[in-house]
Every structure is written in C-alpha cells, then in structure tokens.
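Here subunit A shows up in two complexes: once beside subunit B, once beside subunit C.
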Partner chain A sequence: MNASLLILEYAVVGLALAILLLDLWVPASCKAKLGHLAAFTLTGILLASFAMHPETAHYAFKQSYVLDGLSLFFKRFFILAAILVLLISVEFADRMPTGISEYYALILFALTGMMLAASASDFAMVFVSLELITVTFYILTSFQRNRTRSLESGVKYLILGALSSAFMVYGIALIFGAAGTMKFTAILASSAALATKPLFLLGLLLTFSGLAFKVAAFPFQIWAPDVYQGAPVPSTAFLAVGSKAAGFVLLLRVLMGTVPNITAQWAPLLMLVAGVTILYGNLCAIPQRNLKRLLGYSSIGNAGYLLLGLAASNQAGAGAILYYLSGYLFSVLAAFAVISVVSRQTDDEDISIVSGLHKRSPLLAAALALGFISLAGIPPLAGFFGKFLLLKSIIPNVGQPGVALLLGTALFGIAVSFYYYLGVVRAIYWGKNNSDLPPIAVPVPVRLVLYVCIAGMLYLGCFPNSPLGTATRAVLALKP
Partner chain B sequence: MSDTNLMLPESWAWVIFFLPLISAVVITLFTRNQPQLSGWISIAAVSGSFLLSWLFFGLLQQTDVVQVPAITWLSVDGLSVELGLLFDRMSLLMLLVVTGVGTLIHIFSAGYMKDDPSYSRYFASLSLFVFSMLGIVLANNLFMMFIFWELVGVSSYLLIGFWFGKASAADACKKAFLTNRVGDFGFLLGIIILWTLAGSVQLDHLEQRLVASPAMLGTAAGLVGLLIFMGAMGKSAQFPLHVWLPDAMEGPTPVSALIHAATMVAAGVYMLCRVFFIYQVTPGWPACLAFLGNISALDIIAWIGGFTALIAALMAIQQNDIKRILAYSTLSQLGYMVMSVGLAGTTAAMYHLTTHAFFKAMLFLGAGSVIYAAHHEQDIWKMGGLKEKLPTTFKTFVIGTLALCGLPPLSGFFSKDEILATAFNQNKFLFVLAVLVATMTTFYMFRLVIVAFFGRARSDSAEHAHESPRIMTVPLIVLAVPTILAGFFGLDAFLNPAAHVSANIFDHLFAPFNHSPFAAVFGLGAVLLGGTLAVSLYWQAQRDPLPEKMQCLAQIMRDRFYLDEIYTALIAVTQGALSFLADAADRYLISGFVVRGVQGTTDIMGRALRLVQTGNLQNYAFVLAISVAIILLFVFRN
Partner chain C sequence: MSILLTSIIGLPFAGALAVAMIPRNNRLIIRSVALLVTMVSMLLATYLFSEFQSGVLGYQFVHEIAWIPSLGINYAVGVDGISVGIILMGAIVAFAATCLSHEITEREKEYYFLLLMMIGGILGAFASLDLFFFFAFHEFALIPTFIMIGVWGRGENKNYAAFNITIYLTIGALLALFGLIALSVQAGANSFDIRVITAAIKAKPLTGAVQAWIFPLLLFGFGILVSLWPFHSWAPLGYSAAPTATAMLHAGVLKKFGLYGLIRIAIPLMPIGSQAWMQVIAVLCLGNILFCGFVAMRQRDLNLLIGNSSVAHMGFIFLGIASLTTLGVTGAVVIIIAHGLLAALSFGISGHIYHQTKTLDMDQMGGFLKPMPFVGAAMVMAMMAGCGLPGFANFVGESMTLFAAWKVFPVVTSLAVWGGLVIGAVYMLRAIRSVLHGPVSPMGERMIDAVSFWRKLPFALLLIGLLVFGVWPRLITDKVNPCVEEIIAMATFGQPTAKVVPPPVKGKQRPPSRKRPAARP
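Up next is the complex of A and B:
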C-alpha cells in the first residue's frame, strides 16, 4: 500500500468534486467560466507532475497500480488533452442544454479513468479504469439531450460498449481462471507456461477484442463514425484523443509488457488487424462530407497506423506509438477546436462550412490546414515524423511473411489519405462559396488552444530528437 | 552543443547564423503592420551578424579552422542528420562580404522602398534570404548546404517576385526558380553519388578521404564533378542556365544588388571553391562519357566560364536598360570567376568574387539611386546629364565603373589581374578571350556612364531628377571605400597565407607587375582600348550609332543571340511532347484503368460496407459478436 503515488489522480478527482460543489454557488451566467478554472488548475497539476521522476517502477495497492516512466508520460498526455478539451468546451458551452458544470466534472472523471488506465498493472484495474472512462463517455456523447443525433450516438456507444465490456470481463475471468492471478507481474513471470494454455489465450483474445473496441480497430470500429458524428464536438475530441490513447497504453501494457512471447506469436493477427484497419479507415473516409464523420474514419485509419508499432513488437515500435499519439493529439485537437468554432453559426459540419475559411479567419484556416496536413503525414509537421517512425519500426521484421505487404498497405493508405485530407485544405483556401460571409471572431482561450496545437505540431515535426528521447525513455518501462 | 558556454566564440557562431532568421520570424508574426519597426529589426539583425563575424576574424589569426560543434537535428538509429558550422578563412571572408554588403543594402532599401505598401514583407524576405545565404556559407556538410541552397532558391523567388502583381515579375521569379531547379537537381545527384562512394557528406571528412585515396571515386570522378558544377551553373548563372539572371532584374533594385552581386550568384563560385578537392582526384569518366578522354571536368568548367563571360559581354554591349547592362556584366564577371576555378585558381576566383561584390553592389545601388531619382526610368537613352543632378551617385558610380573595368589602383584591377595571370599560365587561348572580354567590359561600362551621366538630359524625368536622400547615398559612399582599397591589402594573402609572404602595401600594389607583367600590361591595354572606343562612339551621341555600323550583328547582340527564344521554343516542344504523353497516361492509364478500376472496386466495397454501416444498432451488435468469433477462429484455426 503506497497510496501517495496516486497524488495526481487525487488532485483531479478533488478538482472535479470542487467544480460540482462550486456549481451550487456560482451564478448561472458564470457557470461556463468554471471550465477556465478547471483548465487552469489542471495546468498547475500538469506542471506539478514534472516534479515526479520515477526512475524505477513504484507499486501501490498490492501491485495493481504502477507508477513508472510510461504511466507518467501518458498521465501528462491525458492531462494536456483534458486542458485543451476543457478550453474547447467553454467555447461550446452555450450549445449545451443545461448542466455545463457536470460536463466539466465528467471530463475530469474520464480523465481520472485514463490516468488510472495508464498505471494499470492488474486486469481488475484495467477493467475498472476502462469502465470509468466508458461510462462517463456514455454521458459525454449524449450530453446535447435536445439533439437526437447526440442521443442516438450515446445509446449506440452505450450498447456496443457494454457488449465489448462483456467480452472483456469474460476474457479477464478466463485469464484469472487459467493463471490464478490478475497481476501483470505474476503473469509475466509465468508467461512461458501460460502461452500453451488455450484457456488463457482465449481470455487474452477476448480482452484484446475489448481494447480493440476502445481504439476503434477493425473489426471493432463499427461504432466510431456514428458516435463521432453525433456527439458534441468537445466529447468527440476527447474521445478521439483520450479514449484512443487509453486503449493504446493498455494494449502496450498487456501485449508488450505482460505477455511479450504471446504477442510475438500473434504478430500475423496484429498485422492483419493493422492492415485492414488502415484500408477500412482510409477508403471509407474518401466519400465523407461531414467533417466529424470524416475524422471518425480518419481516427480508424490512425488506429491502424498505431497498430503497426504494436505489430513490430519492439521498443522502437512502442516509442513510435508514443510519438505518433503526441502528434495526433495536437493535430486532432486543432481540427476539433476549429470545427467547434466554425460550426457555431451554421449548426452544420459539412465540409462546405470551411470553404473560403482563410478569408474569414486566417488563424482558424491555418490551424485546420496544418492539422490536416499533419494528419496526412506531410513534413515538417508531427504526423510525418510519427508515420516515419512507425514504418521504420516494422522494417527490421521485413523478412517475416506479410510484413512487406503490410508496409505496402500502409503506404497505400497514406497516399489515399492525402486525397481526403488535402481535399479539406483545398476547400479552406480555394473554396469559393462562403468567402463573403462575415469574419469569425476567435475567443482567446480557443486561440490559445490553437497556438499550443500549432506549436506542438511544428515542434514534434521540426525537432524530433528530444521528444523522441523522451518517448524512448518512457517505453523502457515495458522492457521485461 | 551540450557543453557550450556563452563566453566561447563557438556559441556566438549560432547567434550570427540565427539572427536573420529570428528577424524574419518576428517580422512575419508580430510587426507586419509596423513597417518602420520591421525595417529596423531586419537591419539590426544583419548588422549584428556582421559585427559578430569580426570576432572570428581575430580567432582565425591564431588557428586555421574553427569547427563549431554540430547540433544533431535528428538521430534515429543508423541515420544522423547534423547542422554544423565551419569557420575558415574562406567562409569568414564570404561571411563578412555577405553580412557587410548585406547591411548596406538593407539600409539603402529602407530609403528605396519607403513608400511600398508591403515594406514589412520586403524586409522579412530579405532577412530570410540572408539567413539562407549564411547557411550555405557556413555549412560544414553538403547535406546542410543543399538544404540552404534550396532555401536561397525559395527566398530569391520571393524577392524577385516581390511585385508579383506585375506579370513580368511573376514570370521572372518563376523562371529563376525553375532554372535553378535544373541545376539543383544535378547538384543533389552529385551529392548522393559522392555520399555513396566516399561515405560522408561532411566537408572535412570528405577532403581527408579523397586526399588519402584520390582514386576513391573511380570512373565516376568526372561525372560527380560535373553534377556538382551543375548546382553552381544554376546559382551562378553560367551558360546554358544563365537565362534567369537578366529577367530577375524585375525585382526591386536593392534586391538585384543583394542577390545578383554579392550573395546568391556568388554562392555557386563559393561552393566550387569549397569543394575544390573533389576536382583534384584521379580523373575518370564512366563508360558512356569515355569519349571525353583526357578532358577533365575542370577543363569543361573553365571553358563554360570563359564562354559565358564572352557571350554575356557581347549581349551587354547592346542593352539599353541600366539594370540589364549591369546584369549582363554580372554574368560576364561570374564567367570570369568560374573560368578561374576551372583553371585551378580558386584564390583568384574568391578574390574577384569579393571585390566584385563590393563594386557591383555599389553599381546596382547607384543604378537604384538613378532610377529612384529619375522617377523609375530605366532606359539610359532617356537619361543623360545626370552628372550635375546626382553628384554623389555619379562619383560613386564612376568609381565602381573604373573598378569593374580594372583600372589600377582600384580593387578590380588586382583581382582581375590575378585571373588573367592564372589564365596566362594555364591556357593561352582562354587568356586571349579574357582580355577580349575585359576590353568589352570597359566599352559597355563607359557607354553606360557616358550616355546616362554626361551630355544633355533626353527626357523630362531626367530633367527633373534630384539626388537621392542620405539613407541611400551613405551606403554608396561606404561601399566606395572597399572598392578603392580592397586591392591594397592583398585579400589573396589572407585567403592563402602560405603562398604569399610579402607584407607591406607597396609590395601588394606592384605585385601584379612583378609576378606576371604580361597579364598586367594586357589588362591595362584592354581598359585603354575599350575606353577609347566607347568615348569616340558615344561622346555627345544622341542615339546608339552601333546598330547602323554593325547592322544585324548589333541586333543579334541586343536580342541576346536569341537564346531565350530558342529555350522557349525548345521548352514548348518538349513540354508539348511531355504533356501529350502525360495527358495520354492520365487519360487512359490512370484515369481509365487505375482510377476507374479502383473506383469500381471501392464503389463495390463501399456498397458492401454500407450494408454493414447501416446505422442500425442491432446490426452493429451482431457484427461485433461475429467479429469476436472471427478473431477467435483466426487464432485457434489449427
């Protein structure tokens, strides 16, 4: 028992409760501004986290919670994402029917779940933290109760999420039955023996399916487009960045940190899933006209690229996943922040709303264009480097059957993605219809979000050396 | 650069390097709407770099080379890309020239561009250009040099096309960029081959390896040399890639002074001197070029340089636009320098590059001052009598002209003499050609001065001309100082301390007559002959007498040997053929087969997927359950 390790989580939960309490006293007109308070406090927590330097892994709660380099990396990642999402939600607040303070608190609870997931070292912890995330997201996605689309997306996410949780919890039960323990450390110690037990493998596969649902990998991607499209913009943004990254940190913990020998055997499965996910996401994105739905498919495609790093099953691949996720955070949040502002007047998310955007607001246009260019993987932005590292990590395995095909698929997917990403960029700068609309005023907090995102994309793209070092050090925790 | 400390000059090197970039970024992001401030930021940045550069002047008195520790930009296992700075006498001289002349041009621009609505953009582009140029000058490896080579291309594109609203400027910047791309492509190929064969792109490693085993490049030696030269051919505007330079006069005149006198066009010559060691390896040609036999890459370079000098001088004789005359004269002088490199006279080339940077920048700025005073009139036949109206401009212009012609004791005489002497020792034919070019140089420059400054005013704008403001004349006066004095101190001795031991000023002054009297006498003779001819033809002339005397020959010269027309026709034909091919490929292969094929497949897939993506929750749940089953089947299939 070493509960003091959870200081960051305590702080976030405390903040969430404080926001709920403050809601009782703050006058209705100022409630939206509570989001600024939350974001500001979170920034303090983020800065405080840099005082922690866990050289070795520290455990709490009988080894079910671990604090190491990897978990700390992801905690910071999630906090940063939450800060930016909170700032976007303040801008979005007046489009929510009621209860904006609850919305902020829910974001913070989801954040707590993500932070716990980053530290999970026990299958029970995996399940509990994931449920904390998903259950809050059921509410976050359906928060615009006055819009049927939002409600629909919430219900779909709820039922499909429950189904996938059911598979996962069944899988965890089987793992416990086969191994007699749910602790990662204990399973790692006896993983050689467990690799031959079909029951354990079955349990692991079901758990993998549950996690694949969270990251929206084929064949569990089916919910993503509908939910992304229907949910309020800040919820979608947090779902795209936070929930996906939580899925990946757990995939890394389980597949690479706990059962590396089985993962190596399953390389064909992972490669198949990665390849098909890339194809599915990118091909389906081509005909989309709704920006959020487009980003939903793009998020599926990106899950595919990230799975490349997992299929490589080496340290470089794990580091590349961290790098790519960081770039993805800035690129996607920039895009969602812009969509949130631009969709305000039109209450529509069709691509046509951004056409001629550069005449209405150069900053929004630049941020959205850079975000999409980064997602497309064009230098000198973050996305290019992430994709480069992911592809590079799998190249050493090129002797294995299928790897060459997978590389080809990934490159094909990238080429296809140029089409729809740059289609949006073209609409922004060369689209004709909307340029006579009035200029858009960008509120200062959103402006801040955009500056942070642009700086992040440029930094990760132009000076890859030092962040790559950070990512490489973080994944050392996965080395058995 | 983990263990640098601010007291070490090495860390100041980065300051020199990055100041102009910072200025460009600050202006673009923050001071776009405060033109005055933008101008001052830009001037402060370049002059700061200039002053800091003198630090290294002192440092290099003690050692020959200062290597600034490299920043590793990227290292993923097996691949490492570095940014490193290299200070030796050559790069320091170039650094001082670029930042020094650059500073004066910045100051001049503050006056010349005063009323331009895009004043801030101008200075941001100017700073970006200086930054790119410093990258070329200080690069310690070819990879970095290439990156900045391209950046110079981009920033010159921005500057030449500064008045992009004018169709001719827009065309000119495109032409400059594309012509340079041709050269850059060869340069890149050369770097890649060199890297493959010698295993390094770092200049000092390369030099060590090639000196240790001169046969390392094998039969590719000549090819590598020529490909690298292609880069210089583009930037330094050598035949046949020279066509962009005269058109690039569409940019603002200070830009012409900066990029067509002191920096960009000098980059090619500088680069050749920098990598001269690759021309000193065992010669060899690949099988397909074996017919070249004993002709080395250097011979080809020398001839191309000489030829460029000749045709450019011929073209200059019949131009009427003051900037165009200077542009062709620049081409011709660059030809001189390249020829000198080809004759293994790198010191002479760098010497002439330096003095040329001073007096040609001064001439361009002087032309700018004339154009400014004469209300944007550029035709010299519409000027005349500007001597009294623009006294300062006139005096400095004459000094520049005499220096360019090579009249002792002005700087141009010494550097040109060194090239003539090199040619005299190496290749008599090229020597004759060089003397001929020197004669023509004097002829067209005297023609320019006599027609524009003497006689009576031949238009209203010349009649009402006024001397330019101080901010523009002071840079002219400052530039006159090195134009006059640069020869006295023997820059060649600074570049190559081993070869020259003579010390006092008089030794330097008479050195040309001592070590190669023949070349010096012929050089002087060329000046006298050219000057006399020009005076006799143009003194008090109302229009150009040459077209009558030489008939079609003069017309051919005026029309630049129809090279531009030939290129246009050539490009039109190749482009036509290529576009026909591309169109056919696009229409039938890509659009017909690939896209339709893919579209068909995607369409079918889309329809199939749409069946899945129904939006119906029951179906989704069903698919999810089936998926789990499939995954289980896939793993447990055996």
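Up next is the complex of A and C:
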C-alpha cells in the first residue's frame, strides 16, 4: 500500500473540489475567471510532476495502480491538454448557459479519470477510470443545454458509450473468469497458458472493442463526427485529445504490456482495423463542410494511423504512438482554439467562417493553417515526424502478409487527407467571401494557447531528439 | 567541416524570417532583402562550384550537425560532382526567379516569405546527405508551392491546379519515402546517411528479392515527381497556373529532385532492381518524348507548350539513366542542369509576356520581336536551345544520352532522336513564328521590353549559364564524370555484361563534349 503515489491525482481532485466550493463565494461576473485559476494551478501541478522520477515501476492498491515512466508521460500529457482546454473554455464561457464552474470542475474530474487510466494496472481500474472519463464527458458534451445539437450529441454519446461500457465490462468478466485475476502483472505471468483459452480471448476481444470505442476506431467510430460537431468546442477539444490518448494508453497497457504474445497473433486483426479506420475517416472527411465534423472524421483517420504503431507491435511502434499523440495534441488544440474564437461571431462552424481569415487575424490564420498542415504531415511540423516514426516502425514488418497492403492504404489515406486539410488552408488564405468582416481580437489566454501550440508543433517537428528520447524511455515500461 | 553549404541553404531561410519581421508596408525593403539573400546565395554557390575539386571522389564541403543520433538521422550536407552543378543551377534560378517576382504587387510580404522558404527547401534537398533531410526539404518546399499557386496563380482553374500538383506530388513523395525508409532499414545500418547506407550495402548487397520491391517504389515515387509518363499530367497544368517564379523554381529545380534521387540512391544501391527495370524506363521515356511532344505541338497556350515540352525533355534524362552507362548518366546530369536553366528562362519569358497581356493565347500574339527586342531574342535563344541547337548546354546533354543509349536501346533511341529533333523543332519554331514574327498584333503594340538592368539581368544570367555550359561542357562533365563512373560501377556490379555496354572511348561521331582529356585535341 503506497497511496502517496497518487499525489498528482489528489491534487487535481482537490483543485476540482476547490473550484466547486469557490463557486459559492465568487460573484457571478467573475466565475468565468475561475478557469484561469484552475489552469494556473494545473500548471503548477504539471511543473511539480517533473520532480518525480520513477526509475522502476511503483505499485499501489495491491498492484492495481502503477506509477512508471509511461504513466507519468501520459499524466503530463493529460494535464497539459487540460490546461490548454481550460484556457479555451474561459474564452467560451459566455456561450455556456449556466454553471461554468461546474464545467471547469468536470474537466478536472475527467482529467483525474485520464490520469488514473494512465496508471491502470488492473482491469477493474481500467473500467473505473474509463467510466469516470466517459460519464463526465456525457455531461461535458451536452453542456450547452439551450442548444439541441449539444443535447443530441450528449445523448448519442451516452447511448453508444453505455453500449461500449457493456462490451467492456462483459469482456472483463470473461477475462476474470478465465484467468482468475484482473491484475496485469498476474495475467502477464500466465499469458502463455491463457493464450489458448477461447474464453480469455473472447474477453480480450470485447475489452479491445470497448477501447476501440474510446479511440474511435472502426467499427466503433460512428459516434465521433456527431458528438464532435454537437458538443461545445472545449469539450470537443478535450474529447479529441484526452479521451483518445486515454484509449491509447490503455491499449498499450493491455495489448503490449499485458498480453504481448496474443497481440503478436492478433496483428492481422489490428492491421485490418487500422486500415479500415484510415479509409473510413479520410474518405468520409472529404465532403465535410463543418470544421468540427471534419476534425471528427480526421480524428478517426488519425486513430487509424496510431493503430499502425500498435499493429507494428514493437517498442518503436509504441514510442511512435506517444510521439504522434503529442504532436496531435498541439495540432488539434490549435485548430479548436481558433474555431472557438472564430465561431463566436457567426455561431456557425462552416468552413466559410475561416475564409479570408488571414486578413482578419494573421495569428489565428497562421495557427489554424499550421495545425492543419501538421495534421496533414508536412515537415517541419510535429505531424510529419510522428507519421514518419509510425511508418518507420511498421516498415520492417513488410514481409508479413498484409503489411504492404496496409502501407498502401495508409499512403492513400494520407494523400486523401491532403485534400481536405489543404482545403481549409485554401479557405484561410484565398477563400472568396468574408474578407470584409472586421478584424478579430484574440484574447490573451487564447493567444497563449496558440503560441504554446505553435511552439509545440515546431519543437516536436524540428528538435525531435529529446522528446523522442522521452517517449522511448516511457515505453520501456511496456517491456515485459 | 565547412559552413559554406549551410550558408547557401540557410541564407534564404534567414531571409524568410527577416521578411516575416518587416512590417508589410515596407515593400521595397522586403524585396531588397529577398534579392540580397538570393544573390549572396548565388555568389556563394558560384564560389562553391569554382572551389570544388574535380576528379576527387567522395563528398566535399561536408557539414554535419547531430540531430537524432538514436535513429541515425543527422543534418549532413555536402556536394559531389553531381550535386555541385545542380546547386549552382538552383541558386542561379532562385536569384532569377526572385528578380522576376516584380510582377507580384499584392501581399508581397507573404509572397517573399513563401518564395524564400521554397528556395531554401529546394537547395537543401540537393545538398542533403541524409535521406530524411533529403526528403523533408523536398516536402517542405511543397506547401509554399501550393499556397503560391493558389494565391498568386493565374486562370480560372488555379484551385484545381494547386490541389492537383500538391496531391500528385505527395503521392510520389510518399512512395519514395516508403522506399527510402525501407532501404535504410534493409541496409541494416541504423542510419539515414547516404554515405553510411552506401558503405553498408557495398559490404553486404541487398538481396534480389528486397531490391525487387524497393526499386519500383523509388522508381515510381521519384518518377511521379519528375513527371515520368504516364504520371505527368500534373506538370503542364500546374505550371500554367503557377506564378512565374514558382513555375521557374519548380520546373527548373525542384522537379529534378526525383532524377537526382534515382541517380544518387536508387541505381547504385539496387543494381539488380535497376537492371530489371531499365527496359521499362526506356519505353516509358518514349512516352515523355513522343506523346508529350505531340501534345506540346497542339498547344495554343504558350505556358502549356513550355510545360509539355519540359515534360518531353525529361524523357531524354530518363533515356540517359536507362542506358546505365557513364556517358549516358553524365549526359543526364548535364541535361538536368541545362534544362533547369532553360525551363526557368522559358517560364520567365512567358511570365514577362503574361504580365502585360494577361493571356498566353498564341493566336492573339504576333510580331512581339519588334517591341521587345531583348526578351524576344532571349525567347528565340530559349526555343532554339529547347530543340537542341549546338552551342547550348541542352545539345551537349541530349547528344551524350543519345550516343550512350544507341548501344543499349537502338530502336528507342532512333524514335527518341526523331521525337526530340523533329517534333521539338516543329513546336518550338511554330511558337517563335506565332509569338515573335509576323505583323505586329494589336497586343504587340503595347508590349514593353525588359528595359532596366534589373529586368534584363535574370534573362541574361540564365542565357549565360546555358551558353557557358554549352560551349565549355567540361566545366560540368569533369566534375560529374568520376562520380558517375563510381555509380555505374556499383549499378553494373551484379551483371556487368548482360545488357550494359561500357561507354565508347572512341567513336566516329563524337559530341563536342568529350570529357576525357585523352579524346581532346
């Protein structure tokens, strides 16, 4: 029993409760500013986390919670994402009907869930942390109670999320039935024997389905575009970055850390899922006109690329996933921050709202363009290096059946994605209408978010040596 | 260690950053900065060319900075005999393109920023010794191309052209990237450095099975980038929609990236693959020479004509490469350089005309030589160089490739000669007739020549380049030849006698470009 390992989670939960309490005394006009307080405190927590150096894995709660390099990497990732999302939501606050402090608190609770997911070392922990994330997101997505779209997206997320939770809990029950334990360490020790038990494999498959729902991988991707489009911008941003990364950290923990031998056998399945996800996301993104919906489909496509790293089933692939997710964080949050500011005047998210944006605000235009160019994967931005690492991790497997086809699919997907990502760049720089609209004033916090995102994209793209070392060290935790 | 190359590449990037800092109202300062950095970059490239030691194998002026040691990816630039000429050509074209950018009058700050970024990417691609940077610099130049065509491009379907060129080139580049990563992985050196990979493959050649799938990836990936028939359709369309400078840089320099990659990487490292595919290239290059030649003949739009003829010229380069002989590949490198200057000159001239007429329909032109003696004369010379008139560098390269290819692919070569000389002459001469000669058309009366020094300078520079390399090709061939000999030695190592004939030391008909000292009087 070593409960002090959870110090970061305690801090975040404490902050969330403090925000809820402060809400009682703070005058209504200042409530939106609580987000700044939360972001500021989180920055402190983020900095404090750098004092922790877990050389080896430390366990708490009878080995159901682990603190190692991988979990710490993802904790920092989630905290950073939450800071940026909080800053965006302060800008968004006046578009929320009521209860903005609760919104901040919910973001922090979701963050706690993500941080616990990063440390999950037990299937019960997996389920609890995922439910904490998902249930808070039911509320976050439907937070704009006065908008039907927001409510609709919340209900859709609720129904499909409940379904995936059912899959998952059923899978966990089967795993427990077959293995007699839910601990990752115990399952890893007996994974050779378990690999022959059909009941265990079925349970694992159902768990995988539940996680595939989180990362929006085919065939559990159907919710993503609708929910992305309907939810308030900060919720979508957090969903896109945080929830997806939580899904991937659990996929890494379960598939690569716990049952590596079964994962190796399942490579064809993973490749199939990856290939179809890439095709579905990218092809469906072509006709989209709504920016958030476009990003929804793009997030499906990106889940496909990330699954490439999982299908490679090697350390390089796992490291590439971490790197790609970090680049994805900055790229996507830059895009959502801009969308949040630009959609203020028009109350619309059609691509046409950004046309001529370069005249209205060069900073917003540059940030959005860089975000989409990074997502498309063009040097010297983060997205390019992430894609390069993912491809590099799977190309050595090209002798295996199907890998060549998968690479062809990935190439096709990337080429298609150029079309719709650059379509947005086109709208920004030489779109026809809107250029006579007044300039947009960018509030300082959002400006800060954009600077951080641009710096992050450039840093990860131009100086990958040290972040790549961090990612490589983090995935050492997965080595059995 | 020498930072000379890094400064040639870095100056445009530094200039781009400087342009980004200058307030947008200072148009003159922005343009002067762009001109200054490209001019210094060009002078440095000339110095590099003159200091380069011919006949020495290996890379010179190498500069390395550790980047990601764990993956074996490092910033490393250097030149050998092949790339030194291309970098000089690229720097000249870059300066000429910047000079001719005076036609741009709106959003100049963004324009010069993107132009300088593109130039830096182009020069970096040819100087890189690391496959990762080699690829990344090329990809990096693609986004400026896209935005420049979209924002400052011409015509109704510039959007279509911008997307077409970008997506087409991305597919080619990604294929090549897969091939490059696979090559690095299969070489087993855990490095992306060309020198390390070459050494590793020399010690332990790739198996035939591996070459059989990597080589086509590189061939078609690079082939798409060079508009190898039938993957050429992006080129004329994109160039006719692009602003002058972009077309000059892309058609002149950036497009040669694929050829450079083939010569530098694909052929020497995968001899079995290249020998198996050379027949295919020889047939496809006829598609470039004949098919695109015929297409060029039908064009009534000057830019489409130049664009198609530029695609047709790529056929000769492919033919030279396909011969897998020292003479042929040396000729290919000479054409790469000559065509770079020529394409830039042609697009520069058509840009000068378009700027005033707002159309390039040759039916409405005529008699332009009278109002524009200088540009007109330059155009006559460009067109003549394009049909391979002796005295221009194109003739040197084309004759070398044809002589080399004759021994290997006689049928293809005879068709190519016919295509190059007859078809080329037909459309080039017809273009001269309809644009320059005849009675002065109403449009022609308003035409203004390039009057000031700065307007004449780019045309003059490019012409001087063509003529100097045309009458004194040893300037290039002496540098290129030893490197090509080494590449060919590697490429034919597997089956030296099967299809490949060594270059003739003495022949009856000799191009005036004999590079062997013994053959000179």
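Heads up, the rule we're going with is that the second predicted complex is superposed on the first by the 480 of 480 C-alpha atoms of A that agree within 3 Å, B and C clash if a C-alpha of one lies under 4 Å from a C-alpha of the other, contacts with A are read in each partner's own complex, and residues count from 1 in each chain.
We take it that contacts are C-beta pairs under 8 Å (C-beta built on N, C-alpha and C of every residue); 3 or more make two chains touch, one makes a residue touch a chain.
Everything quoted here is computed from the prediction, not taken from an experiment.
J.: Regarding the shared-chain residue A:Leu206, is it in contact with subunit B (first), subunit C (second), both, or neither?
T.: first
J.: Give one of first, second, both or neither to describe whether A:Pro464 is in contact with subunit B, with subunit C, with both, or with none.
T.: Once the two structures are laid over each other on A, A:Pro464 reaches both partners.
J.: Does the superposition put A:Val425 against subunit B (first), subunit C (second), both, or neither?
T.: second
J.: Based on the superposed arrangement, let me know which partner A:Arg289 touches: subunit B (first), subunit C (second), both, or neither?
T.: neither
J.: Contacts for A:Lys392 in the overlay, against subunit B (first) and subunit C (second): which applies, first, second, both or neither?
T.: Once the two structures are laid over each other on A, A:Lys392 reaches both partners.
J.: After lining up the shared chain so the two structures overlap, which partner does A:Arg145 touch, if you call subunit B first and subunit C second: first, second, both or neither?
T.: neither
J.: For A:Lys479, is the partner it touches subunit B (first), subunit C (second), both, or none of the two (neither)?
T.: neither
J.: Taking the superposition on A as described, I'd like to know which of subunit B and subunit C A:Pro219 touches: first, second, both or neither.
T.: Only subunit B is touched by A:Pro219; subunit C is not.
J.: Looking at A:Phe384, would you say it contacts subunit B, subunit C, both, or neither? Reply first, second, both or neither.
T.: Second partner only, subunit C.
J.: Once the two structures are fitted together, what part of subunit A is touched by subunit B and by subunit C alike?
T.: In subunit A, positions 392, 464-465, 468 sit in both the subunit B and subunit C interfaces.
J.: Please output the residues of subunit A touching subunit B within their complex, sorted ascending.
T.: The touching residues are 155-156, 159-160, 163-164, 167, 198, 201-202, 205-206, 208-209, 213, 219-220, 222-223, 225-226, 266, 269, 272, 280, 283-284, 286-287, 316, 389, 392, 463-465, 468.
J.: What residues of subunit A sit close enough to touch subunit C in their complex?
T.: Residues in contact with subunit C: 358, 373, 378-380, 384, 388, 391-392, 395-396, 398, 404, 407, 411, 414-415, 418-419, 422-423, 425-426, 429-430, 464-465, 468-469, 472.
J.: Under the touch definition given earlier, write down the residues of subunit B that touch subunit A in their complex.
T.: Checking each residue of subunit B against subunit A gives 72-77, 602, 605-606, 609, 612-613, 615, 617, 620-621, 623-625, 627-628, 630-632, 634-636.
J.: Sort out for me which residues of subunit C touch subunit A in the complex.
T.: Listed in rising order, the residues are 66-71, 110, 132, 136-137, 139-140, 142-143, 146-147, 150-151, 159, 162-163, 166-167, 170-171, 174-175, 177-178, 181-182, 185, 213.
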